[in-house]
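After this come two complexes, each holding chain A, first together with chain B and then together with chain C.
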Partner chain A sequence: MRIDIRSISKRFGSFTALDRVDLSIASGELVALLGPSGSGKTTLLRIIAGLEQADGGSLAFGDSDVTAADPRARGVGFVFQHYALFRHMTVAENVAFGLTVKPRDQRPSRADIRARALELLRLVQLDGFAHRFPHQLSGGQRQRVALARALAVEPRVLLLDEPFGALDAKVRVELRRWLRRLHDETGITSVFVTHDQEEALEVSDRVAVLNHGRLEQVGTPEQVYRHPASAFVHQFLGQVNVFHERGQDQAGADPARVALVRPHDVLVARAADPLCQIPAVVEAIAIAGPQVRLSVLPAGAKAAIEAHLTHDQYDQLALSRGDAVFIGYSRAKSYQASDLPTTVDYQI
Partner chain B sequence: MPLRVESSDEADLRSVRVAGDLLLAEADELARALDAVEGAPRMALDLAAVARCDGAGAALLAGACGRWEAGGSVLTVMGGGRAAALLAAVRRRPALPATTHGRERSTLARLGASVAGVGGSLGGILADLGALAAALPGALARPRSAGWREVPALVARAGADGLAVVALANLLVGAIMGFQGVVQLQGFGATAFVPDALAVVILREMGPVITAVIVAGRSGAGFAAELGTMVVGEEVDALRTMGLDPWRWLVWPRLAALLVALPVLTLVGMACGLAGGMLAALPMTDLGVGGFLDRLAAASALPHFLTGIAKPWLFAAAIALIACSQGLAARGGAAAVGARTTAAVVQTIVAVIVIDALCAVTCTALGW
Partner chain C sequence: MSAPRSKLTEPAWVRWGLVAFVLGWVGLFLVLPLVAVFHGAFAKGWQVYLGLFDGSDNGRAARHAITLSLSVAGIAVALNTLFGVCAAWLLTRYRFAGRQLLLTLIDLPFAVSPVIAGLVFVLLFGLQGFCGEWMRDHELPKVIFALPGLVLATVFVTFPFVARELIPVMEAVGTEEEEAARVLGAGGWSIFWRVTLPNVKWGLIYGVILCSARALGEFGAVSVVSGHIRGQTNTLPLHIEILYNEYQFAASFACASLLSLVGLATLGVKELVAWRQRLAVARAASQADDPPPPPRQA
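== the complex of A and B ==
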């Protein structure tokens, strides 16, 4: 089911939650709405579900306009951040609930409903839990029940609001891979909201980055990560170092412009070479799993910058704390300094 | 580093160089220095030599920039760095509207605000009444879309579980009425009329009202807390995405349950009230059980009873409507549920008393 969001706006009092957002989601696509809190991503999801009404703009599922349609007419499955399971019902009753309350002419037989609920519980790997109550399950299990419940009504669109936000890190990583597989099996057009850039990049076909109610960029994970359209996207999708351009490789550098560089694009060398010309001192070294994180303080700078090296590079350089090195960077992107988000990780 | 603000003119460009620390401690000095710089048609603010800058410094810079620009200057900020980033951040923030937060409002202002709010809350009740009425046809036409199956359990919770407290409260109120009746009427030698007085007071007023107030406290609070918790836990949103209207699915079954439970509880309450009155009055008078019951029967108790048993339906509807709409209006977290529950109890009890007063006036006017 194709979703067309056209110029959707929403205000809460004097707060603008969404400002003329346009987004088209292809049938069968898994799209992440990514942004910091207050960026409007959950509001957009709730408008797609019909739980909120937009102040302006239009929304279409396929060829039918659903801007003013009731949630029940839209055929959406919704997974909530805090599961929202019905606490007085068993797991199986929760999953079957959406089917048992359908009008008589659309309702499957009792046996079919039961079979469907059990089948869905198998799909979410919870067969055997049918007669438990929600409070007897772990967070990850509850969220899978919530997903099965959302899928039970055979929705045209699956909407997930920070589905893994309340889970611990390990379960989160497992569940998001599992969600991706599930999406590949079912092929339902899905939209999920997250503030976790790693999650968005790993799971989705396309990422829509929102900030202050505006869409900053829409693209594949590779596009938004490697070719950010704005300083905000660049900064939000991973750590960045800020270099004030000082005519290192281009003549006539503009003092009002800055270059954003990801830590793994920072080059470190023992001796100055054409690429690495900024003298610096190694302040700290941390082995963080597959990479080595260096904190280096360029001469004359007030704050250190972060560089990520592979173990091979690290071994070759044979660095230790206090060593003098030369740094440079590749794949920098330059922006107006005034466009820079207020919080940056490292800057010189 | 000491603070320095220098301005120099070159052709038609006025350059303002700010250097040193722009911190809270230097705010006075910075404000004076910036105030001394006049605006010019073209200006450049050079922050390259700023050593440290905090929010106070950035705010003062932003104020100066705003003043120059308001005077028609075209301004360029140069030098980048943290100062420029902070300045840009401060200037991007829209001006905050003036708030009354933290300022204590006078009693008169609070009174005015609450009076002004009455219209809004009456409008809210009307809107809720409308939503409730709009949900009824669907709930009857498609019984599956309303939670009717919950009704027996709700009746048991509102009715059976509340039976003991309703009985006890009415028994005690009846006893007090009986005792006071005897004490007051003794002076006139009219203790024989105590049963007549009890018939009016218990059957017409006290039985229904005491019972309704207890149910308002128990079930009203229960409904508001239950629905509020469901709203906060997104369960109501989950129902809506599955095509269920909360008014149909949650509110009507609760209203129906109270419509069943409250009249029955009122019957029990009336019986206990009369029994209490009799228990208190008998030892103090020479009526005897038979005489007491005879007087009661002769007191044309039937109209009082019929009026008394008609009111619980009104009370039940008001309690369910107010408590459920308070619960559904909960927004935010657990604190909102608590606040809504308190509001539900207060409003339902007030509603019961107001309805009873209206009924008393109406019945008197109609001669019932």
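== the complex of A and C ==
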């Protein structure tokens, strides 16, 4: 089911949660709403679900306008951040709830409802848990029950609010891969909210980056990571170093502009070459699993630059702490310095 | 007791002294009066005690007082339960202007003397009151010196109990489950009966118990609006006072013992509810400790 969000705005008192957001989600797509806390991503999700009413703009599912529709009539499945399972009902009763509250003439028979609940529990790999209560399950299991409950009513749209936020790191990684597979199997149009850029990049077809209630960029994970539309997106989707364009070999460099460079795009050399011309000193070396993280302090700079090398590169350079090196970068994107978010990771 | 004593523990004489003081105090002010009530009631033996509720004039009046008290309390508790649920819902689910004022107003009956509550209703509905004459002209049922007045006074006095018990429980439960139910297609009634009510069940029962105990025992407000018509508007507490003033001590204590029994029973039920609640929580905790079977590999 295609979702069209047109110029949606929402204010809470004097706080602007959403400022004229436009976003179209294609049928069968899995889209991540990514942003820091307070960026309006959860508000947008709740407006799509009908749990919140927009102050302005319109919302359509397919060809029908649902801006003012009751949440009951929208046909959405919603997975809450803290699951919101019915605590006094068993797992099976939770999953069946949406079917048991249907009007009498649309309600399947008791046997059918039960069969459907068990089928969904199989889908989320929780068969055998039907008679447990939510408090008897782990976080990851509760999350899957919440998902099964949302899917039971065969929603046209599946909405997930920080679906992995409350889980520990290992379960989170497993569950998000599993969610991606589930989406590929069911093909249901899905939107999920996250503040974790890695999660958004790994799971979604497209990422919508929000900041201060505005949509900064919408694109595939590759587009938003490699071709960020703004300094905010660049910085939010991973670590960045800030290089002031004050020289190297570019004549007429603009002091009001800065270049943002990801740590894996920083080049390090023993001797100055056309690409690496900034003298620096190796301050720290950390072997962090698959990569080697260098902290290098350019001459005259206030803060160190972070460079990520492969083990091969590191071995070739044979670096140790205190060594003098030359640095540069292979890929950068320049922005007006005034557009820079206030917090930056590394800066010369 | 050979448990190692930390240096922070008070010396033995302080501890035993405190225990003796508290037990003595409780005995003097709680147990002794209770014993005295039952002693007074049974002073002349079982036969006399039962005879006080027989078919004589006195017995009929006593039985009427019991029935009246139960009806008044029943109606008042039902009304206050309805109100308490509505108020708790309103106060925990919506933010509106005057919300804090409403929260404070609910507590008003705790702060105001019940006698004043009774007087207010006399002022409103008495023959010389604001609505009294109008109501008589329109042949509406009498309020003061009749059942409606007794109910009104009792409702006023027991007003806060259910709402006060429910508000913190509903606040703690939150709204997410209700939102989940709504998105799943449940209507308002379904959400209330199937999601909200089961979650606040124990808080509600607790509030109803406290409300009932207070409603049955109410004296001051009811005394003002009752008119003390024997066999008609005398509730059990009023009846006890009348008997006592007429020097019918045995009868007075017999009725008092009944009321005390109801009070003790309420305490018992209250404890039972609290115990069942603790048991449910403990069972939940112990079950949660069982390692669940490992999930099937995909």
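Rule of thumb we're sticking to: the second predicted complex is superposed on the first by the 347 of 348 C-alpha atoms of A that agree within 3 Å, B and C clash if a C-alpha of one lies under 4 Å from a C-alpha of the other, contacts with A are read in each partner's own complex, and residues count from 1 in each chain.
The rule is short, and it goes like this: a contact is a pair of C-beta atoms (placed from the backbone, for glycine too) under 8 Å apart; a residue touches a chain by one contact, two chains touch by 3 or more.
Everything quoted here is computed from the prediction, not taken from an experiment.
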Joint occupancy of chain A by chain B and chain C, clash or fit: clash
Touching partner for A:132 - first (chain B), second (chain C), both, neither: second
First, second, both or neither for A:82, with chain B first and chain C second: both
A:178 touches, of chain B and chain C: first, second, both or neither? second
First, second, both or neither for A:198, with chain B first and chain C second: neither
Chain B versus chain C as contact partner of A:153, first or second or both or neither: both
Partner chain in contact with A:71 - chain B first, chain C second, else both or neither: both
Which of chain B and chain C A:119 touches, first, second, both or neither: neither
Contacts of A:98 with chain B and chain C, given as first, second, both or neither: both
Touching partner for A:22 - first (chain B), second (chain C), both, neither: neither
Contact residues common to both interfaces of chain A (with chain B and with chain C): 49-51, 71-72, 76-78, 80, 82, 84-87, 97-98, 101-102, 149-150, 153
Residues on chain B engaged by chain A in the complex (per definition of touch): 48, 76-82, 84-86, 88-89, 97, 142, 144-145, 233-235, 237-238, 240-244
List of chain C residues in touch with chain A within their complex: 176-177, 179-187, 190, 194-195, 198-199, 284, 287-288, 290, 292-293, 295-296, 298
Residue ranges of chain A touching chain C (in the complex, touch as defined): 49-51, 71-72, 74, 76-78, 80, 82, 84-88, 97-98, 101-102, 125-129, 132-133, 135-138, 141, 149-150, 152-153, 178, 181
Sites on chain A touched by chain B in the complex: 14, 46, 49-51, 70-73, 76-78, 80-82, 84-87, 97-98, 100-104, 107, 149-150, 153, 244, 255-258, 302, 337-340, 342, 344, 347
